[in-house]
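What follows is chain A paired twice: with chain B in the first complex and chain C in the second.
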Partner chain A sequence: MGAAPASRDVTSYGMGLAAPLALFFLVFFVAPLLQLFWLSLHNDTAGLHWGLGQYLHFLTDPFSLGVLGSTLLLGAEVTAVCLLLGFPIAWLYQRVGPKLQTIIILIVLLPLLTSVVVRTFAWIVILGRQGIINATLQSLGIIDTPVKLLYTQFGVVIALAQVQMPLMTLPLITALGRIDPNLDDASCSLGAGSWRTFFRVVLPLSLPGVIAGCTLTYAAAITAFITQSLIGGGQMLFMPMYLYQQASTLQNWPFAAAISIIFLLAVLAVVSVFTTLGRMSRGYGGA
Partner chain B sequence: MSGRKRTWEAISFELVMTVIAVIALVIIIAPSLVVLIVSFTSGFSLRFPPPGYSLRWYAELWNAWQLHFAAKNSLIVALWATGLSVALGVAAALAISRSRTLSARLLDSLFMSPLVLPALAFGLAALMLFSLVGLPVSLLTLVIGHTVVCVPYVVRNTVAALAQLEPTLLESSAVLGASRLYTFRRIVLPLIRPGIIAGAFIAFMSSFDNVPVSLFLRDAATDMLPIRMWQDLEGKLDVTIAALSGVLIIATVALVAVMERVTGLSRRLTN
Partner chain C sequence: MILNRRSLLTTALTLGATKAFPGMSFAQARPLVFATFTGSWEEAHKAVLVPAFRKANADAAIVLDPMLSVDQIAKVNAAKANPPIDVMLHDPGPALVAVGQDLVEPYPVEKSAYYKDLIAEAQEPMGPAPFFQVVGLTYNPEAVKTPPTSWADLWKPEFKGRVGITNLNSTLGTGWLVEIAKMRGGSETNVDPGFKALEELKPNLAAVAANPGALATLFQQGQIDISPGNFNAIQILKARGVPVEFVAPKEGAIAFKTTIHIVKNSPNRELAFKLIEAAMTPEVQTTLMNPPYLIVPTNSKVTMGGEIARVLAKDTTELKKKFVFQDWKKINEQRSAWIERFNREIKI
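So, the complex of A and B:
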């Protein structure tokens, strides 16, 4: 098992090959983010006076905190919907033959690869005042006047859930594929019913996939600029639009930088919570 | 008694799961179908079902020069960003894929971090850097920004392909006297090529569709297609945009079908 001496190891490549990309990232990814952080530590737009004014402004302003809170909540709602709908898809995938499997994967993949503006546009057509849902309900006589679906939290959540569904479903399919099918049979032959087997055996063993899916979905949902702004409309403000308004319309770069840093830290915090849970669940799954 | 109970339980469980799965699949596919159908309307509004069918909005698309201009820019940027991502990403993936050192793992997290960090924050940061060094926004700044957010797809897919490569193949090639470069060209590259192509494809699609980074790194002279569409939609519900969406959906489905043939895309993304 001992590793071959590095000079004779023909199966690996030198770390030097990573240098170009590392350098590229240092200059065009790390440096800009550091500069963003540096600018956020200035109290005036000209960037002359140091201070924590921008952060204090954000953290003492109920409006800003409300935007942050509703963004984090939105992510949780979208993730929950994706998990609820995505898990059965992954489960069905394991149940059907190879032909249907490919069809399911391609259906799941389609939104991931279709333009996000197109996907969001479709939801406007579906949810609008004269959209499909309202037209159907009206023609069935269930409602008299159109229900407001567009520019509501419900609309944003359902549109985002559809847009982000592949990010949840693909890791789940991978995770479920790695579970030994004998465990399912064993649990059933020991007298556990399908529901109990699902909640006590399948779900715990698929936790690494659940957590990977939740991480990706959550991060994508709260940073989704287009869907949030087009389906949410002007009434609902989330962090990405707030950031964009401050930077682009109001030209308040230091405050926009502080919003970015706070947003970034919030995403990182959520991701690390998920990662920690993931590490714990892997220990559980491997036991 | 218990046997019957279990059967009933099994049926209820399978029924609930299947019904939810089918509903979910319908929700996923419905928006694309709706746009596709509406884009063939003969009317002026986005009514579903349309009053009649025609190709008039597709014909209209032919004269929409602003969209042509934006589409051309998006295509140029996506091609360059993909090329750069492949060149930088494949080399980096070779370096980090089989190394278990701390530096390899740190580099891996660094290269993956654009996937979770808010791209809009990065877009703003990049704009600040470019304006600090006096580089005006142009197709070049767009290519650089897009490469940062597209590289992770190439790295991830190449690393996955390399992980499935048998190390003994490389050893036997070396034992038979082939140089490392020869082994790479004749053995490694052909075997990991589908992985690289799949990564490049996803990188291309995500660059072509990128909004958050483009938003800050372009101006009127370098308009990008998704942003043009977004701004058009904010103003009014344009049926021309529905036709354009139809073109994009059909192109996507065609590309995915080709990629499925060439690289087994669906298998690659679930492993």
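So, the complex of A and C:
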């Protein structure tokens, strides 16, 4: 009895509690975003003439579109590497004893406790001409001249994958932890091999974690200004650097604003694809 | 602080009032804010300029706010009526932007005791240049046995895969591009020969650093052995034991005037003037010339000494002969087009 009024009370109470946060978002997130959008609708740097010139400039320029494309591709590559390396770790975590679990979680979390700048500089030391990799390969006689690793797409992907790895591994650990271990046994007892069990049972059930991890890793990888510019160097241009160049060096704020809006929309599009996949996977997992 | 309705209301009203009457807001209520550059500049100013200013001005309150020139401009631009900065420090390119956007006041030259002592190139009526940055060739003496003498040495086949440069986001990168354009018959208005030269430099390029700071670390890593570089940045590396040397190329070392400006509408105009005066005094300039700072003095009454006299110039006459000053007004007109072109063409 009285269930309906009670539940209404709960909702209204919740709204009141959410108000400060909503106000905070409104003032510090929505308002600046609107201001940014308003700024992007100007054709000149002084912001006097209205128009869609900045968007036209970006969308009709193969170079700018190329920067956007390579940034989105970079995100996809980093996400793929993180998923391929992160999944086994998360899987292992669920199958070892508590002592090893602590060690694994420590290894996963450790990078988060170091500054991104420090980690990125460490990668410069590792990937450099006289870095650890090149020095080892040379001393083993595998190569004669140093391989170029720094300032390459490969270097950026590897460094970003390491930096963003926790964002992939943690949701995976959570998702795999939710799967009832009995399902594995059930699958085996019904005659499925371990690979079949993995692909038909474990993987589908872990999809929500995979989707969450991919979304986080992707968003973090494509916006990682420091790692991109230090490992990629000054000649490899991704969206964050492009934005910085236009806003800071050239003081061309309307174009910079248009770039950010386009970048934001592109990221939202990718993230919504992930979420749609996530929704489908829930249906699949439940089926 | 407890956030109750009354304090919220007061804050809101104050914010509203400062917006409505910008003139009345906190006049003299805050310390003098001096926006310097990060890194060695901040260290030098904190250790030498600030104490000298405070000594001469009855311990007046001053705050250093280190950031890039372009960020200073953005910050002042966002609050022109009530700027959060009183004194700005600029490279030549941004200085012209700041003047062009009407963000700085003319320097009260007639009131100044030291302005007329500056060498002619440093006398800028919109903000004098108490410091020079000098760009020449930097190299690793352990890897490069014969010291380079000319910008053209960067193209030598022996430096295949060992040369570093920065992109055009920095004053260093843009100024250097203009200089190599000049070397090949171009000028501030015609950098085509410079871009052609860059194209030919590609086999030698080991790195295009995102900024001069990143370039310096590449020497430490052995990633590059030779690059155009900043005299002061190299001194810091040297002091840390990195094998690196600076040489002024025979075409002339590029000199960037580092100008210092009073921000328009500053509530601390008088103190801002006093700080800039302090920066031009022979005492401050002499201290800054000595190790570890090695900043080139612009006051002609300062006698050059030490490393600066050895590597750069013995006196102001020689300095003028060896230094190349560039026309940044012309450079700024086309800089965005060059940056775009560099983005497109320079892939290694």
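Quick note on the criterion: the second predicted complex is superposed on the first by the 274 of 287 C-alpha atoms of A that agree within 3 Å, B and C clash if a C-alpha of one lies under 4 Å from a C-alpha of the other, contacts with A are read in each partner's own complex, and residues count from 1 in each chain.
The rule we apply is simple: contacts are C-beta pairs under 8 Å (C-beta built on N, C-alpha and C of every residue); 3 or more make two chains touch, one makes a residue touch a chain.
In this text the structure is predicted, and so the values were computed from the model without any measurement.
Trainee: Assess the superposed three-chain arrangement around chain A: do chain B and chain C clash, or do they fit?
Mentor: clash
Trainee: Is A:His49 touching the first partner chain B, the second partner chain C, both, or neither of them?
Mentor: So A:His49 meets neither chain B nor chain C here.
Trainee: Taking the superposition on A as described, I'd like to know which of chain B and chain C A:Ile107 touches: first, second, both or neither.
Mentor: A:Ile107 contacts chain B only, not chain C.
Trainee: After the superposition on A, what does A:Gly191 contact: first (chain B), second (chain C), both or neither?
Mentor: So A:Gly191 only meets chain B here.
Trainee: Touch check for A:Ile132: first (chain B), second (chain C), both, or neither?
Mentor: In the superposition, A:Ile132 touches chain B alone.
Trainee: Under the stated touch criterion, which partner chain does A:Leu250 make contact with: chain B (first), chain C (second), both, or neither?
Mentor: A:Leu250 contacts chain C only, not chain B.
Trainee: Which partner chains sit in contact with A:Leu84 here, chain B, chain C, both or neither? Use first/second/both/neither.
Mentor: In the superposition, A:Leu84 touches chain B alone.
Trainee: Which one hits more chain A residues, chain B or chain C?
Mentor: Partner touching more chain A residues in the overlay: B.
Trainee: Touch check for A:Leu230: first (chain B), second (chain C), both, or neither?
Mentor: It touches chain B and chain C both.
Trainee: Go through the superposed model and pick first if A:Ser115 touches only chain B, second if only chain C, both, or neither.
Mentor: So A:Ser115 only meets chain B here.
Trainee: Where does A:Leu21 make contact in the superposed view: on chain B (first), on chain C (second), on both, or on neither?
Mentor: In the superposition, A:Leu21 contacts chain B only.
Trainee: Overlap the chain B and chain C contact sets on chain A and report the shared residues.
Mentor: 121, 124-125, 128, 130-131, 229-230, 244, 247-248
Trainee: What residues on chain A touch chain B, complex-wise?
Mentor: Where chain A meets chain B, its residues are 10-18, 20-22, 24-25, 28-33, 35-36, 39, 84-86, 88-89, 91-92, 101-102, 104-111, 113-126, 128, 130-132, 135, 158, 161-162, 165, 170, 173-174, 177, 188, 191, 193-195, 198, 215-216, 219, 222-223, 225-226, 229-230, 239-240, 243-244, 247-248, 253, 256-257, 260-261, 263-264, 267-268, 271.
Trainee: In the complex formed with chain A, which residues of chain B make contact?
Mentor: By the definition above, chain B touches chain A via 2, 5-6, 9-10, 12-14, 16-18, 20-25, 27-32, 34-35, 38, 45-48, 87-89, 91-92, 94-96, 98-99, 101, 103-104, 107, 110-111, 113-122, 124-126, 128-129, 132, 144-145, 147-148, 151, 155, 167, 170-171, 173-174, 180, 183, 202, 205, 208-209, 211-212, 215-216, 226, 229-230, 233-234, 237, 241-242, 245, 248-249, 252-253, 255-256, 260, 265-266, 269-271.
Trainee: Provide the residue numbers of chain A that touch chain C in the complex, in ascending order.
Mentor: Within the complex, chain A contacts chain C at residues 63, 121, 124-125, 128-131, 148, 150-151, 229-230, 232-237, 241-242, 244-245, 247-252.
Trainee: Quick check: in the complex, which residue numbers of chain C touch chain A?
Mentor: Going by the criterion above, the answer is residues 68, 70-71, 73-74, 97, 161, 165-169, 173, 206-211, 214, 217, 221-223, 335-336, 339-340, 343-344, 346-348.
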